[in-house]
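Think of it as A, B, C, D, E and F in the order they're written, each chain with its own count starting at 1.
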């Protein structure tokens, strides 16, 4: 068991690939992803249309060592700036397997 | 066909509003208004859309297998021209008359240069119910008109950004990527694929797949329109986000471009009443599948609720309920 | 039909158990028992349900387009009466005989006053396999009987709450909302919409959609029953949550109400053997789509596992496997 | 980056609209929602039926300032009382975008 | 059929590559290569697979209702033998020639002993396009061949674990559970269920479901192959994970086993050209539905990316595009 | 309101039943489950295939009293060992209803 940071990023589905590439660029390859996520934010409702997963959210959950946090956050910030979304960071324990 | 008496036409036209497909549209709309808990699985609507696009493509392909590529050139040229001109006209109306800000105006306008396959399919159902023949070139135009407007939108947006706005720190979305996407869109692949397969495959082998892709078409279309009616009904409650000017725009713009389209079909392309009606429908319809996500990526500053409400909540039902019979009677009147 | 010899009937009846649709039900049930990993996507089952409801509606509508509204009045009246009386009878049995607490008893009883479209469809497949004609009014009854029982359930629950229980601090669910929902339920919209469209649309235009809504019906029904067999098989393992009394109730209640229904169909509504069988099936079947969520909202104190297991795991398979042939032979015996 | 409370509410799908209205009533408009959530609790299994998203759970995730927490919780409590469900609150950092 | 001239055959064979179903496979493949955003809902692909398996089963069952069980014994026996021998051959090639480690070798080899219903269905479409008749026993073989290879894989894995590896602390997955799963797999249930129902049900009642299960078959198959083309296109980009040796293996193994299969069909089972082709296809095809999850559970040490890429990205498209016509011409050459 | 541990377990869908049984064996009956979860980890990508929810992840969220944590973790560890997956533990407050 060791301490990690748990990043929870809710963002528009269209930005999925961009997030994955951005993470790769800072050497983060591992993540968990939830598709078809709905929500309501400053940019209105998401996830209620028959066309288009393109107007849904996806959620990324990324567990990373504390010392990687700032790099990751800073790499994601421009995406959050343009396309909105929510990014929460909390503390967690990683169970080694 | 042009010698049909006016009274006959009116009867036919009214009766045509009572085709099952349009009644299913109404059913979906009403279900939403009375807040029924009726829901179609999203995957069903998507699957049906895929089916319809392939079917229309194959259908067109079979007919086109008798034609040469040269015959299609004027239609293709017209499709591109419409896709370029309509968004510019729409932008000018929205920005100059409606005083809507530049970027929202571009985002909305782009939708009107592209097309809605759902409206097109409803128009085909309408014509078939009236037993009106139509040329198959409009099917190619449907595939082609998806993309040019998106490019025009991109160009307008970056021009206006340079002229009127100082770029915020926001990421510039990759333009070449967006352009590629405009041309490899799923609907285009299905339509063009269907056209090609319908064109190339032998008559014998095509016959084996017609029980699925042809005989069921009109029935499946009913379920599609049921679902579209529900979507339109959902969106109609968002009316207020659009504001009075844009609501009017959502009904007047298709009227203008529909009539232009019919004239182009009748006089420029020398199509019959049926074919001219379809060109009118292509011009009049606003995209609600391909363009919204493209605009979301290209112009994140614009408000998606507005353009989605306009395209899906106003222009689509307007065309299905009033536009199609109107463009048809106009074509009838011209020819 | 009534002059059929007994032996013939038995043969027919056994053979009818071997219709594809019922064998598919058995297949699904067995797949579940042997713990196969077979799974139908939930969206498929939902889509098929939508298709079947529309189809049955359209079918009924076409037939009813020859009738006047007045002809339907006795059926409508009977449907409401059954919807009101059956849950009261069921409540009395469950609460007085079975000593089940008031609120659970009401929640369960309500299911038996409403109907199961799946059972009804299976019965239609059964009759068609035997080439038995039937009146179309039971389709209207199917649409109507969804709702009244829910209202009766609401009334009973609030009466009993007032009499026997001191209200906990729990939120009182909005009653008018629940009532509205009982009448705007998705199945009702689809059935009634189909009926209306089948009734209004011209014969010509209806014909274009029959390849989808009519010719495929029996095949699609097979997949539906496959899925229902699997659901029933899943639920059967929850038997113990219901307890011995309720298990018996789940098989006896449909028997009682089924026989009552057949008699009402035969003597009160003057239906043929086919039509009377269908009234029997309506009375006998227990809702597993509309009523469970309504009861979950209206009577959150009751245990959903119990009523779901009864309706889906016991009464549904009982009706499909034994009930339908039984009600049919009873109708045959009476007429 | 500033501290927020992360509310994670798992509740029956039928109560979705009620939760949204309740949140609106206390001026909370933003949330993220996960549909088709399964689970097992005091009221048995959820999310395994062919009919009915109505017997599934949905999960709301709501990030709110600490001083709004009590109001929100109290507004949700009656719903939790009648219909069960789980409500967890934890600390998180909101990444400003 | 065997007297067909060589030139005729070549024409036919090329033309057969232009059947709609195979063109749809190509369309899906190309859509993926040009990175179109086209997506079929996963539930659609699953639903279609279910439909196709039931349809093929029913079809076979109807034909087999004229045969006795004894007639099927040689086919059944052959199916089991192939399922046992092919994975052993494949393992030896992969491990001895390719020097791939034991457990990965077993996991991969197992896939080649089992079968791919998608390939089989494509082969049927191919034969029907050429108007070639075929025996129905291969359908039974399709159902039977799903399982034995999985058992062989389990046995090989535990033998090799004992011999070459000291067991890590990892959980030993429950073997009896895995064996049970091998025989109660969803595809087997649907195929066998369909066969049984097609066999037992009366001709009259089967006719009511054929509009759905028979007439639509070839059309639905097109959508299935569209989806398979997309999957294959996705997987092809994972080529590098497999390495050169395994890529060659993915194309050579089906060639070897396909030719063996055709010979067995022609000489041992005395099938016609059509039937022998199908036996070849059964032998040649690699499972991508039943076996991968079984191997994931049984041999968690092996890398799923490798066996999925091989079965889906290499062997499947190889068989669809080259294998099937090849096995057919070989059968044609032999008979 | 009282303190609990929030366990978030991301694991292959094929292991769903095994996890449920394992939890039952240590007297944990309640959990929330998210199906069709995608991800990327040491064992490659998950959740992008047309066949097979069997190559997807599922996420279990389990809220438990602090004193039960070790038992649960230890019971899950062998599964994590064989089949990979991620297991995060964090602190949360349970809102009594």
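FYI, a residue touches a chain if its C-beta (ideal position, glycine included) is under 8 Å from a C-beta of that chain, and two chains touch if they have at least 3 such contacts.
By chain, UniProt protein names: A, D, F = Transcriptional regulator.
The model shown is predicted, which means the values in this text are computed figures rather than measured ones.
Q: Need the graph distance between subunit A (Transcriptional regulator) and subunit C over the touch network, please.
A: Graph distance in the chain contact network comes out at 2.
Q: Shared touching chains for subunit C and subunit F (Transcriptional regulator)?
A: Touching subunit C as well as subunit F (Transcriptional regulator), we find D, E.
Q: Enumerate, in label order, the chains that touch subunit B and subunit E alike.
A: C
Q: Greatest Cα-centroid separation from subunit C: which chain?
A: A
Q: Work out the mean Cα position per chain and let me know which chain is farthest from subunit E.
A: Centroid comparison gives D as the farthest chain from subunit E.
Q: Could you work out how far the Cα centre of subunit D (Transcriptional regulator) sits from that of subunit E, in whole Å?
A: So the centroids are 46 Å from each other.
Q: Taking the mean of the C-alpha atoms as each chain's centre, how many Å separate subunit D (Transcriptional regulator) from subunit F (Transcriptional regulator)?
A: 20
Q: Express in whole angstrom the distance between the two chain centres, defined as the mean CA positions of subunit E and subunit F (Transcriptional regulator).
A: Distance between chain centres: 35 Å.
Q: If you look at subunit C, which of its residues touch at least two other chains?
A: 40-43, 46, 216
Q: Mark out which residues of subunit F (Transcriptional regulator) touch at least two other chains, giving numbers and ranges.
A: Counting only residues that touch two or more other chains, subunit F (Transcriptional regulator) contributes 34, 81, 90-91.
Q: Among the chains present, which pairs are found to touch?
A: A-B, A-D, A-F, B-C, B-E, C-D, C-E, D-F, E-F
Q: In the complex formed with subunit C, which residues of subunit B make contact?
A: 15, 18-21, 23-24, 27, 31, 34-41, 43-44, 128-129, 215-216, 218-220, 222-223
Q: Spell out the part of subunit E that touches subunit F (Transcriptional regulator) in their complex, as residue ranges.
A: 40, 42, 45-46, 49, 169-171, 173, 227, 230-231, 234, 288-289, 292-293, 296-297, 300, 303-305, 308
Q: If we count contacts the way the header does, which residues on subunit A (Transcriptional regulator) are in touch with subunit B in the complex?
A: Touch list, subunit A (Transcriptional regulator) to subunit B: 12, 14, 43-45, 48-52, 54-55, 78-79, 81-83.
Q: If we count contacts the way the header does, which residues on subunit C are in touch with subunit B in the complex?
A: 41-43, 46-47, 50-51, 54, 180-181, 184-186, 188-190, 193, 196-197, 200-202, 205-206, 208-213, 216
Q: Could you pull out which subunit A (Transcriptional regulator) residues touch subunit D (Transcriptional regulator) in their complex?
A: Residue list for subunit A (Transcriptional regulator) touching subunit D (Transcriptional regulator): 8, 10, 34, 36-42, 47, 57, 59, 73, 76-77, 80-81, 84-91.
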